[in-house]
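Going in written order, the chains are labelled A, B, C, D and E, and every chain counts its residues from 1.
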Amino acid sequence: MTEPILKLEGVCKNFGGLKALTDVSFALAPGEVVGLIGPNGAGKTTLVNVVTGKLPASTGRILFEGKDVAAQKPHEAARRGLARTFQIVQPFPQMTVIENVTAGALFGGGAASVGDARDMARKSLDFVGLAPLADRPAAQLALAARKRLELAKSLAMQPKVLMLDEVNAGLNSSEIDGALALIRKIAESGVTVLIIEHLMKVVLSLSKRLLVLHHGQMIADGPAKEIVADERVIEAYLGQKYAARLKELHHA
Amino acid sequence: MPEPRLDPLLELAGVTSGYGQIQVLWGMDLAVHSGEVVALVGSNGAGKSTLLRTISGQLAPREGTIRFDGRAIGGAKPDAVLTAGIAHVPEGRRLFRGLTVRDNLLLGAYLRTDKDDIARDLAWVFELFPILAERQRQDATTLSGGEQQMCAVGRGIMSRPKLLMIDELSLGLSPRMVEHLGEALIQLNKAGQTILLVEQDVMTAFELSHRAYIMENGRVTRAGASTELMADPTVSEAYLSI
Amino acid sequence: QETIKIGAPLALTGGLADEGHKQDLVWKMWVEKVNAAGGLAVGDKKMKVELIEYDYQSEGQRASQLAEKLINDDKVQFLFAPFGSGHTKIVGGVGERYQVPTIACVASSESVFDQSLKHLFGTLSPNGGMTTAMVKMFKEKFPDTKTIAVLGRDDVFPKSMAEGIAKAAEAQGLTVAYKELYPVGTMDHAAALSSIKAAKPDWIYVSGYTQDLILARKQMQDLGVTAPIVTMVTGPSYKEFTEGLGKLADGITSSSWWHHATNYTGQGVWPTTADFYKDFQAKTKGADPDYVHGSCAAAGEVIAEALKRTGSLDKAKLRDAIASTDIQTFYGPIKFGPTGMNLPRELPIIQVQDETIKVLAPADIKNAELIAMPK
Amino acid sequence: MRSGPLAYALLAVGILVLASTPLYADNYVVRTAAIVAMYGALATSWNFIGGFTGYPSFSTAAFFGLGCYVGAICQRAGVPMVLAWLIATLMVGAFAALLGAIILRLKGHYFAIGSIAVVEVCRLIVSSWSSLTGGGDGLNLPLLTWGPEQVMRFFLFVMLAILILSLIATALVDRSRLGFGLRCIHQNEDAAAMVGIDTTRYKVAAYTLSAVFCAAAGAAYASWTGYIDPTESFQILMTVKVPVMAMLGGAGTLAGPFLGAAAFVLLEEVFWANFLDWNRAILGVVIVLLVFFLPGGLLSLARKRSAGGPA
Amino acid sequence: MAIYSQILANGLMLGALYACLAVGFSLVWGVLNVINMLHGSFIILGGYLTWFAWHGWGIHPIVMLPVVGALLFALGFALQKLVINRVVSAPVLTTLTLTFGLDMILYNVMTYWFTATPRRVQLDLGAVSLGPVTLPVDRLVGTALALVLTLALYAVMRGSNIGRAIVAVRMDRSAAELMGIRTERIYAITFGIGALMAGVAGVVFASVFPITTNVTGTYLGKAFVVCVVGGLGSVPGALVGGLVLGLVESLAGHWFGPQQAITAGFVLMLAILLTRPTGLVGVRGYE
């Protein structure tokens, strides 16, 4: 059993009286691809925010490569190799696509100079297939391209753990297929990936293991097949109709 | 009196539109009849939201005509379009922060002056979405994503539109929530509401609608009864895989 | 034909606009009168006077900028400094650098003149003269006066008055029961006045500009703060003060540098105070001049005298001639001390009685007795 | 901020014109040139925080005023003039860094208010700390004993030097990691932090840079006029005027703030010389028109011409 | 102890005036994202109109209240409709530059016509005593008016369609359009209301303080502080901010002398900015 790369122990986060996360614990092994699902408002985005230092945890430990990083700032997380994408995409709108990615390489990816960073950025644009749009201002991109830009930026930061917060929401089926291939490629390069998504197609086709958050609590953690059959998960998240549809597919 | 069954409630012919120098719609034809649920599906950036914005008056069409309820409404301002009877539930819910759920719903009735009817419609929205009644004094943006979507739809209903246009009903919602909202829409339609639904999740869209249009690059490429389209192998290949 | 050019950076807009307009008014009156008489005598020929004014918008930086413009672009031979000690210092500094004689008509703080500006001359007497005599007189008339409360604006002149009166009062055996400064931009005096009320002083002394004083008087009334003597410096010297307060101004005492009730005779375009008063009333349709008007109108005579005596436009000679000025004017004697300030003289103490200004001292122009504040 | 050759040419011409005024013009023109250089330095300085980083800072007058006071107090204590300026620059820089670490936690509107409050608080503290600052009486500084021409030239070159230093700093920052990071922060601060930019440190650096040149200019200005007081040194008007200048020229560009400052000072010059009663209103009208017709600043004129059609 | 009841009364009365002074500014800033540099001049304009009516024709300020309110509403509405709306969605620095320019014009016009002479409406209504506390009648009436007007505005904002529309436009302009709200009109109405509140504050102020154009900057500064202390863009925020500021200044003036009173206000403001940037009762969302 390898040492987990990211481990949460009893993490809680409160907003005033609201308990957004209660006693959340789990661990990710290096290179693993794990899905995180849960109803709207369950606390998924909050979890990412806490792990990346955007929000301070109220209590609990966050271990990254064995070190407690609960008190880190976002930029420290980025430099350590903890990258994330935003549920609502956050580009630097007036900058070109390549500049956006260069920022990732320069500050998060440890590039020595702006020139080096540019080279790294180019590679990561090639990787996600955005190279043709490199000189467009980010604001002009359509949604799918913006989501790719988020990915490219995160990749340029040379992350060890990548947290994807609904990168596929709003994409249609064929676009999703492209995105899936891309994420698989990233995972194959050894990056640990945590996928947050409401599209079960994406979650199921990428991850063998699923975590389920509900009202800020981790109600299930285990192999995907078992999880989608779990009554609590169906009750809280999938709904009977959808679960039935899934089961049908499994039989087919 | 025109025959309501035959004459479409909303009719677009050859509409083009866009932003500044970017043209997005390249000659859209589309019709919605009274009492129908019509779905509009298509790839990302096809121009679905742009189409709804053009209908609701946030964008002016550059060419073509938009007729609603027998009148041309192309180029009218949003308040005029709303008065004519079209409500637009925008992509991403766009509830007003700092206002309660109830105030948000009442803003849907901003242009209406019939106090008693407004109260009745509010009660009807609360009946349709009981959770909103429970939360009516809460700041709307503290609702969960699904509840916000209900509130947005409810706000659309509050203008008592002849046509309700909903953009991206299921975006970012849990499967269970999508199911729940779908049921609510069917209930609404049964009560006589005409609906134009833009939906990324094609399966859901076809299930909820009578007819559907498929859009690509600012044009309609396919149209027909939803059940037929769903059965069409070319369509299911391109748009349906679980 | 050559003219004599006098430059004046003035505050025609901004906080000091009213004062600026007063200066503008009487200087123009003086120039008109001088030119109507053919001009000023320089030796044996007469030269017309030209007054060049710019609005410095009550901003010190701009005042110094405009002073330089006047000297460099307009080639003025003399400068009139603007209102107030602070801005006088700034303009005086510029005059000094270019060795252009500068006449300050409305700066009374000694700190302005103690920085060895050799080209700056002030027609007001030191304001030290306003405190000691006042304490002495009030103590004499109202022997029960034991305590004083002082509230002063934190600005060059009002602050030095507040500090001066406190010192003079202590020196003559009074107790200073309250002494605070309020900052520029104070909107409300209620807190300070409530504290003063609690201290129950026999004499309340407030210094500041007209608008501060109107507010302070009004709030004293509202909050029931009274004392047998209430002094507001230099409130009653200004008609804006008495007009703004109406009945409420009654009983308020103050000191001033000049009052039109005085009767001086001297040289220049207005040989007597009455002459000036008459012209002024004609010009303003019946308004009364205050010390700003008087001091500024007399300042021109300093220049006239120096030109007459030197008979040339040589700057250095003119400067020396001004330094040795010793003349009588309708405004009173002007003779500069070693720092360039007009010599101390007995300054008028005034009081508002029945909404008009009465002079309590000095004895020769006195036309009323000190009365206690009406209850 | 892509500064083309045009910007550099404009700058060079501008600086040369200012520097050469003593050759052909009278002292007053030289003085105006020095004031242009001074405001140019202030606006260029503001650009670090306001232009690059996009934080609406109104602290300029605080730094300027503190510069005046630190310089004056040092000089009165016998420190040689230039050394006093240096001390003022360093001390105010350190102060800005400390202050920045506190108020840069605020964003948008709140930062704007915080930064403007700093000016007021500094003014109030300076005016109530009479033992050190002379309070409302102000402070006198030793006047230079040279002739007026020499003094004027000297201060023209001092102000020009500060301006040039601020421009060089701008050009350097523009090309560096710091500049890149600041522009990222301008565009989207959350995202900037997420790509690994230490936003706090970067912002503090920008804020400090925006202070040091103001402090230097303030200290030099105090020596130049020879008398300072709290109301003149901490002018709210200056704090609003400097960003307005930068906006007029083009915020976030290399040459814009300087050009805006030059235009503003010259316009003021023309108006109050020619319209005694209405100078303020006329300047107001000019500002309103500029906002309408040149929202991107004066530089956008030049850019429009050189850029040609849409890309 | 008597002195403290007086000090508290002073503080509350002053605070209500501060609230009245700031509420329009806060609204315009919060809703339109415009830092309205004209606000101080609007107040003085309202004050001068009152003074001239009183001085020239003996019209009582109470009568002028609706008149001045209507005039300033019209002025604000027109300014926004014709001028500011053209750049209203530009960054805050641009609109600030614009209102700064407009204020230079208005200020110049006012000093030219009215001069800088301090004017005062000499109502001199005397004072009433409540035990050890003396309450000036005019200020008491002013305080009551300030409170009533502020609360009236609050009622409008909370309960009426226009109020909801104003909040909606502030939060999401394009979604508001979809509700049939004509956003430009709402902007103009909001700016008009801001000017109206400034105008009526001017009426109250002219009856209580001497007014002159010199104090426009002071008023603006107070409005800033009140907004921050209470919270930007909300009526209760301005009310709470005004009252707290009035109390703090009053107490600090008593304890540390008037010189420190204003400093105390600013220190309070900085402290609140740093610990609770949204103000004491503010809502989030103006970052």
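Criterion: a contact is a pair of C-beta atoms (placed from the backbone, for glycine too) under 8 Å apart; a residue touches a chain by one contact, two chains touch by 3 or more.
For clarity, every value in this text was computed on a predicted model and none was experimentally measured.
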Chain E reached from chain A - shortest hop count over touching chains: 2
Mutual neighbours - chains that touch chain B and chain C alike: E
Farthest-lying chain, centroid of Cα atoms versus that of chain D: B
Between the pairs C-E and A-D, the one where more C-beta pairs touch: C-E
Longest centre-to-centre distance from chain A, chain (CA-based): C
Euclidean distance of C-alpha centroids - chain B vs chain E, Å: 43
Geometric centre distance via CA averages, chain C-chain A, whole Å: 75
Euclidean distance of C-alpha centroids - chain C vs chain D, Å: 37
Whole-Å separation of chain centres (CA-atom averages), chain D against chain E: 31
For chain A, residues contacting two or more additional chains: none
Set of chain B residues in contact with two or more other chains: none
For chain E, residues that touch 2 or more chains besides their own: 107-108, 217, 221, 259, 262-263
Which pairs of chains touch, using the document's own definition: A-B, A-D, B-E, C-D, C-E, D-E
Sites on chain C touched by chain E in the complex: 13-18, 21, 151, 154, 180-183, 185-192, 194-195, 197-198, 210-211, 214-215, 218-219, 221-224, 240, 244-248
Chain B to chain A touching residues, read off their complex: 41-45, 143-147, 168, 171-180, 200, 202, 238-242
Complex interface listing, chain D residues touching chain E: 50, 56, 102-103, 105-110, 112-114, 116-118, 120-121, 124-125, 128, 236, 240, 243-244, 247-248, 251, 277-281, 283-288, 291-292, 295
For the chain A and chain D complex, residues of the former touching the latter: 52, 54, 73-75, 78-79, 83-84, 86, 90-95, 102-104, 106-109, 114, 153, 157
Chain C - residues contacting chain D, complex: 12-13, 53-55, 57, 59-62, 64-66, 68-69, 71-73, 86, 89-90, 93, 96-98, 109, 111, 115, 153-156, 159-160, 181, 183-184
